[in-house]
Amino acid sequence: MKYINELHENENIKEIYLVRQRTSAVTKNGKSYDNVNLQDKTGNIDAKIWDPNSAGIDEFEALDYVEITGMVKEFNSALQISITRARKVKEGEYDPADYLPVSRFDRDTMFSELLSYIDDIKNPYLKKLCEAFFMDDPDFADRFKKSSAAKSVHHGFIGGLLEHTLSVTRLCEYYTKAYPDLKKDLLISVAILHDIGKVRELSEFPMNDYTDDGQLLGHIVMGSEMIYEKIKGIDGFPERLASEVRHCILAHHGEYEFGSPKKPALMEAMALNFADNTDAKMETFAEQLKASTSSGWLGFNRLLDSNIRKTGEV
Amino acid sequence: MKYINELHENENIKEIYLVRQRTSAVTKNGKSYDNVNLQDKTGNIDAKIWDPNSAGIDEFEALDYVEITGMVKEFNSALQISITRARKVKEGEYDPADYLPVSRFDRDTMFSELLSYIDDIKNPYLKKLCEAFFMDDPDFADRFKKSSAAKSVHHGFIGGLLEHTLSVTRLCEYYTKAYPDLKKDLLISVAILHDIGKVRELSEFPMNDYTDDGQLLGHIVMGSEMIYEKIKGIDGFPERLASEVRHCILAHHGEYEFGSPKKPALMEAMALNFADNTDAKMETFAEQLKASTSSGWLGFNRLLDSNIRKTGEV
Amino acid sequence: MKYINELHENENIKEIYLVRQRTSAVTKNGKSYDNVNLQDKTGNIDAKIWDPNSAGIDEFEALDYVEITGMVKEFNSALQISITRARKVKEGEYDPADYLPVSRFDRDTMFSELLSYIDDIKNPYLKKLCEAFFMDDPDFADRFKKSSAAKSVHHGFIGGLLEHTLSVTRLCEYYTKAYPDLKKDLLISVAILHDIGKVRELSEFPMNDYTDDGQLLGHIVMGSEMIYEKIKGIDGFPERLASEVRHCILAHHGEYEFGSPKKPALMEAMALNFADNTDAKMETFAEQLKASTSSGWLGFNRLLDSNIRKTGEV
Amino acid sequence: MKYINELHENENIKEIYLVRQRTSAVTKNGKSYDNVNLQDKTGNIDAKIWDPNSAGIDEFEALDYVEITGMVKEFNSALQISITRARKVKEGEYDPADYLPVSRFDRDTMFSELLSYIDDIKNPYLKKLCEAFFMDDPDFADRFKKSSAAKSVHHGFIGGLLEHTLSVTRLCEYYTKAYPDLKKDLLISVAILHDIGKVRELSEFPMNDYTDDGQLLGHIVMGSEMIYEKIKGIDGFPERLASEVRHCILAHHGEYEFGSPKKPALMEAMALNFADNTDAKMETFAEQLKASTSSGWLGFNRLLDSNIRKTGEV
Amino acid sequence: MKYINELHENENIKEIYLVRQRTSAVTKNGKSYDNVNLQDKTGNIDAKIWDPNSAGIDEFEALDYVEITGMVKEFNSALQISITRARKVKEGEYDPADYLPVSRFDRDTMFSELLSYIDDIKNPYLKKLCEAFFMDDPDFADRFKKSSAAKSVHHGFIGGLLEHTLSVTRLCEYYTKAYPDLKKDLLISVAILHDIGKVRELSEFPMNDYTDDGQLLGHIVMGSEMIYEKIKGIDGFPERLASEVRHCILAHHGEYEFGSPKKPALMEAMALNFADNTDAKMETFAEQLKASTSSGWLGFNRLLDSNIRKTGEV
Amino acid sequence: MKYINELHENENIKEIYLVRQRTSAVTKNGKSYDNVNLQDKTGNIDAKIWDPNSAGIDEFEALDYVEITGMVKEFNSALQISITRARKVKEGEYDPADYLPVSRFDRDTMFSELLSYIDDIKNPYLKKLCEAFFMDDPDFADRFKKSSAAKSVHHGFIGGLLEHTLSVTRLCEYYTKAYPDLKKDLLISVAILHDIGKVRELSEFPMNDYTDDGQLLGHIVMGSEMIYEKIKGIDGFPERLASEVRHCILAHHGEYEFGSPKKPALMEAMALNFADNTDAKMETFAEQLKASTSSGWLGFNRLLDSNIRKTGEV
């Protein structure tokens, strides 16, 4: 298969891509044509169907897999495919993993590990709270397993939210051993729950873009709200504990300027902030190293706020 | 009546004050005594009962009005009353307005005006949402009318929250005339609702101090949550509108560093931020001018972030 | 009429535009040609006359209205007109409103309202000061009515300065009712005068660009200076009042980083800062909404420092 | 002579001090007494005359030199003199230099040097501008020679403004040799004029405190205004040059947050900012070193924003 | 034993304390006396010997343990001991642990664990570098084991540097498992070495205060220098590796404003910064919780930049 | 000679340029070609040799001077030379000054002046320290004379480091006269030494780019290290003085955010920071003025953080 990031100007292609978008338009001369956006796991590209009613153009729409015949051109210094034929293909003709970025770890295995952390929680209220999401709410669990942890930046792939959540939870467990003043059940619970608002902040793949609620409300507040709703359904959940859980969620970005309406006031809130920040930055760094083929300096990285460099062999 | 801010060292007094707190303690020599904190509308003062079991000391507790006989002393460079007699007084012997700071406007009149704003809302969902708090929830309404808008700073008196909310609402109504692109129903509704979380952020008078939830969660997030709960009880409330209302609440402090998890993205959210900020600062300035007897410079004010000065007569 | 923002590559045109600039140049081969810049209310475009001495090219200069015949080309990824004929047209052949952006309100009506505010000032010195500009100095008044309030950003059109000044004055009048500690005469006067330095900061239309003095000195200091000069011509103007007026002008941007050499120390200075800031931001937001055809998110706005979005219908 | 900073509790004194302030007051018991503030070059101290009408108390007022007999007491953890006798003394009984801080350099010599810099200016307009202040305006010149450059911080003594101005001018002359792109006449002129607004920003000694205009308008804007007034009296002063001079004055603090409404745009403005800043900081450091008797670390200095330390002998 | 933080005014004492400082002075009346500073693990206190030559006053000096007889007084609102007898005591009369704060972990056990990390390093150069300090330089090792990690703040006790270093090393080891792109040998080495400059930045106990070099150069640069010196003694140490090691040391504070002259450019440098920061903040939080007896809010903590609170029982 | 910044698209050239880089590559069709980068003092340009083995292509490599025959084309909106012939030329056929930017002052004269400053140092240790670099270490001296002071920004030419160092030293000498509290020998020494780390931070011309050590460690720390090494070779160099010298080097950028790990604590450190900053900014401004042909505004300059403008004739 020829990936989108390998296409060149003036190349004739016949490849299967995933359709992100298809809309109709009219040229100045009154002729109809279609704007199409195609995707695989390496990126996406615009395309045009200048003859939408010709015989070779199947009916298809967003999220269909379609075999595209056409030529790659340059327009406004970007590549674009001029489509001459488009055949909607059947399952089995393609491998979905070629079209959507996906975690390198098995999602079911990761999910099982997350459930085992829930299983170990002793405090009955915290345990019920976690179960309410991950065991008793299959829609949520399904959505959680498919979500990314970000639009781009880091963990921006299917299963990314699960992978990041698990990594943060493991690090928090390590903290509870190193700093025994931490309340383990509370910290593990908020680690598991800290980013659940992201299932509402980002739309599902292949879009994986900010939703309106994501921009208007944000995953921090939505996550706290989702938790508050579940807590109300749990008989006898202690009020103080409910406030502490939500505080940890609200404060997990650590600083006002990163969108937390409260700064960490509890030791567990501070620990969660460190775990979240450490995992986000280490994964970002690792993804940058993997993405780059050059040795030595990789240039300035905005998220890490530093020029970064590959370490030599040790 | 001799107010607390008029007391001097070595003065004998016999005055009625409101009790904020009374706790028992033991001296190093094993003798019991009581720590008392007394309040009137000008401030509060610590007091000691060295002989708690003597005949002249009535049974009394926090929030009682008590006639105090004793002497004012200095201890650790603060004044303190040494209580020799304490008589619990009856309603009618004192004027509550002498003991708790209170808005200079009539609270019922202000509340009626607020209700008339609600009455004018055309959008049925927004109207129902406001009514759900101010008309259908008498506990909330009662609490709202008694709350201050702040611990100190500005509007720090009974009825202060109502006074501030009304002032912001009026200013927002003015905006809707000056800037017709604003959606009036939305802006008036969020003006009325913007600080309702403060009834949970601050404890009731005479304490009027931050609650645990106030510090852990804050009135911005709690207010948004309270609104979300009421919205769920309103059939057919449009989802987009629900998000816009909550966005305005979340963004009403305007900047991350002032505790808003989102910056204003809607014109109404920006207008609400201006109205809230204008009223808070103008009232702060006016309270400072009233509190000061000197003419000319009043010194640096932290909230206004400037040296401030009384304007001369014009 | 075909507006400049509608032109396309390789299009032949014959349209009347306003000339912003015309200069002569010589190619490397020693041939003379002319650089021309053309404008209408939608923008401006560069043009070339390769044959400046040919019969079809009239004599014309900056600020003339000229009918251009030629072809639109692309050069360095911007459009450019190659002019073959240029005919200077007469008044009546075109509508000036097509060429310069102009307030949607009638300038004479707005000016009358401003004068009526001056008429209401009771303090004789402040009244004389305002009259000295708006009634006794017709050159100033004329210039003021034609100025914009900004190069771009907000109120960037003919009459914009008048419209913004009036809007700020009205809002200040509202403040004097809501916050009776404000000295009305002082606040209304400084509202009227706050931006008069802009007639020197920005050059006249169609240029409407920063002058050298605008960049070297700025409208804040120049405005204060202009006021000081007029004050010296008013017998008995109280010194303290003169300082308070100028302080309000100097402090009206509210923060050092926005170019105010002093922070607001007087309640009227703070009120003026709020009124100016509120009107600037609300108008900016409204202009953005009008300029955009898309619904929903409009992207990040640098001046408002936020992603902004159209509110849905309420 | 016993200086004010050497006084101790319970000490009987008979010393001549300069009177800064004398006001009458009444005790709670209705008895009159006088509040007095006394000064010498080491500081100032409050004093009380409990028997203002007794025989030993001369008539005297602010700025008189008075021989004080009395006892030093402690009140509210500050020292205070209880005055029993007060004799107004004659010139000759005291040395003024003991009472007011004064430059260690001869003021007439410094002033002559400043005049010689003016004498060297070639540009006739700039020369006339400087002469207009320092030669043709004897009131200004007299006030300038007596002023300090600051309330405290650095050069906070009589002649301090002259000393600082001369030091900045010399450094600017050095710059014109090192960086020949600098226009010498312009830079020397603005160096001489840069702080003239301070004669209005600070009141005369012995007060040497911010004036109302100093706080409302500041020396930067007032200095620019004073220059503009003189420029208008000079026939044919080029407009562009007038703007450049005022720009240098307005920008000489270099940053908005230090009260400059414009950042340096001209090479001379930048040079002036460096000269002013260098001299202010070097003099501050030197004054700190002189004031401290300890060797080694002197602690954190707010103006220098650093812990500072005496360098060892080299 | 009565600890220093338990002393009260007007109390007669007879207790053994550690002497931090003893200096001689002369009163105004020419009488000699001694200034003494005494310490135990709860704090320190000033004391005076008004009769230094009296029989009951033994010869003693800084770092001696002395039995003090005297009375506690208040002077300038601080407590002070007036010493009447001072007897130098012998080892065995006191428990050193009462006088100097010390790690709650066994220092030899911690040091062994640190050595075992060194033992596991595979890269021969990095191993030799660590050994050069911790195995081949007994003076360094001895000093390292006794040092604190800070003057106060966190780990401010004997063995604190060792405890912090070990904790950071363990956390880094965890990171190498969670983020396999990290070069383990490099990260473990720089974790072990990251704060060695502190043995020069802080003086030995009981002083434990910043040295001159600590203030002039800082532990970050001194640590890098110490490493560079040892590297030069190791044959064939690869240059690139030497630069990477020193970069990690220089960048381990993560931000310029925390004294790092470089921001982390290598993944190991970033990991080290996270480990150091996490351990410092978690330990600070834990120490605050231990120091406070109240439940609930502990007030604002400058280092953690937040109001902090004890979590309730979970 | 036709300079690189004068080349145009579609131009045939035959010019001598300096080769910065030559590397071999293979097209998709398997054909070999060479990537070349050519430089003169006005800039550099990419070039291709599509027929590397053709007769007209001499053997040549980086740092050779080569006569290029070919055509200028545009590729990806940048110019590029397609080389048809390449003849390696001999010394004498070209003038090196056309190919590398160089100080306008004679380097030997400047170096002599620097040595005369060293000669005047009285303190034997400081003198020996400076001599150790500039007299006893010819490799260093040679490298120093050829280095630039920066990659671009200011003094970015051969001899730039020497020119800047001399200028800073002269300014520091001026300071020692104006501020006699400064220790002259110390200040002159650290002025001479302050930027020596730059010989390791930047690679030699024609590259003049950041080295790996430059990015990982920086010239501030490397300079301090280089000094420390030399100090260890000087018998009896006082420890305190050694720390003061290094402190001045470490603090010479004045602020943490500019890469100084310490803020200036000594008067000499502060003076050095002022001298370095003044010279860097004045030279930057002067270079900008020289580079621009337009009069008036030159636009925003990032380093000077201001819009800058040519001053008119005075």
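Each chain gets a letter, A, B, C, D, E and F, in the order it is written, and its residues are counted from 1.
The rule we apply is simple: contacts are C-beta pairs under 8 Å (C-beta built on N, C-alpha and C of every residue); 3 or more make two chains touch, one makes a residue touch a chain.
These figures come from a predicted structure and were not determined experimentally.
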Least step count from chain C to chain E, where 1 means the two chains touch: 2
Common touching chains of chain E and chain B: A, D
Pair in A-E, E-F or B-E that repeats B-C, with over half of contact pairs matching by residue number: A-E
Pair with more cross-chain C-beta pairs in contact, given A-E and A-F: A-E
Chain D and chain E: spacing of chain centres that average the CA atoms, whole Å: 45
Contacts with 2+ other chains: residues of chain D: 212, 215-216, 240, 244, 265-266, 307, 309
Chain contact graph, described as a line, ring, star, complete graph or other shape: other
Touching pairs among all chains present in the structure: A-B, A-C, A-E, A-F, B-C, B-D, B-E, C-D, C-F, D-E, D-F, E-F
Chain A-facing residues of chain C, complex: 296-297, 307, 309
Residues of chain D touching chain C in the complex: 212-213, 215-218, 220-221, 224-225, 228, 240, 243-244, 246-247, 250, 256-262, 265-266
Complex interface listing, chain D residues touching chain F: 123, 126, 167, 170-171, 174-175, 178-179, 181, 183, 185-186, 240-241, 244, 263-268, 270-271, 274, 277-279, 281-283, 285-286, 289-290, 304-309, 311-314
Contact footprint of chain D on chain E as seen in their complex: 77, 212, 215-216
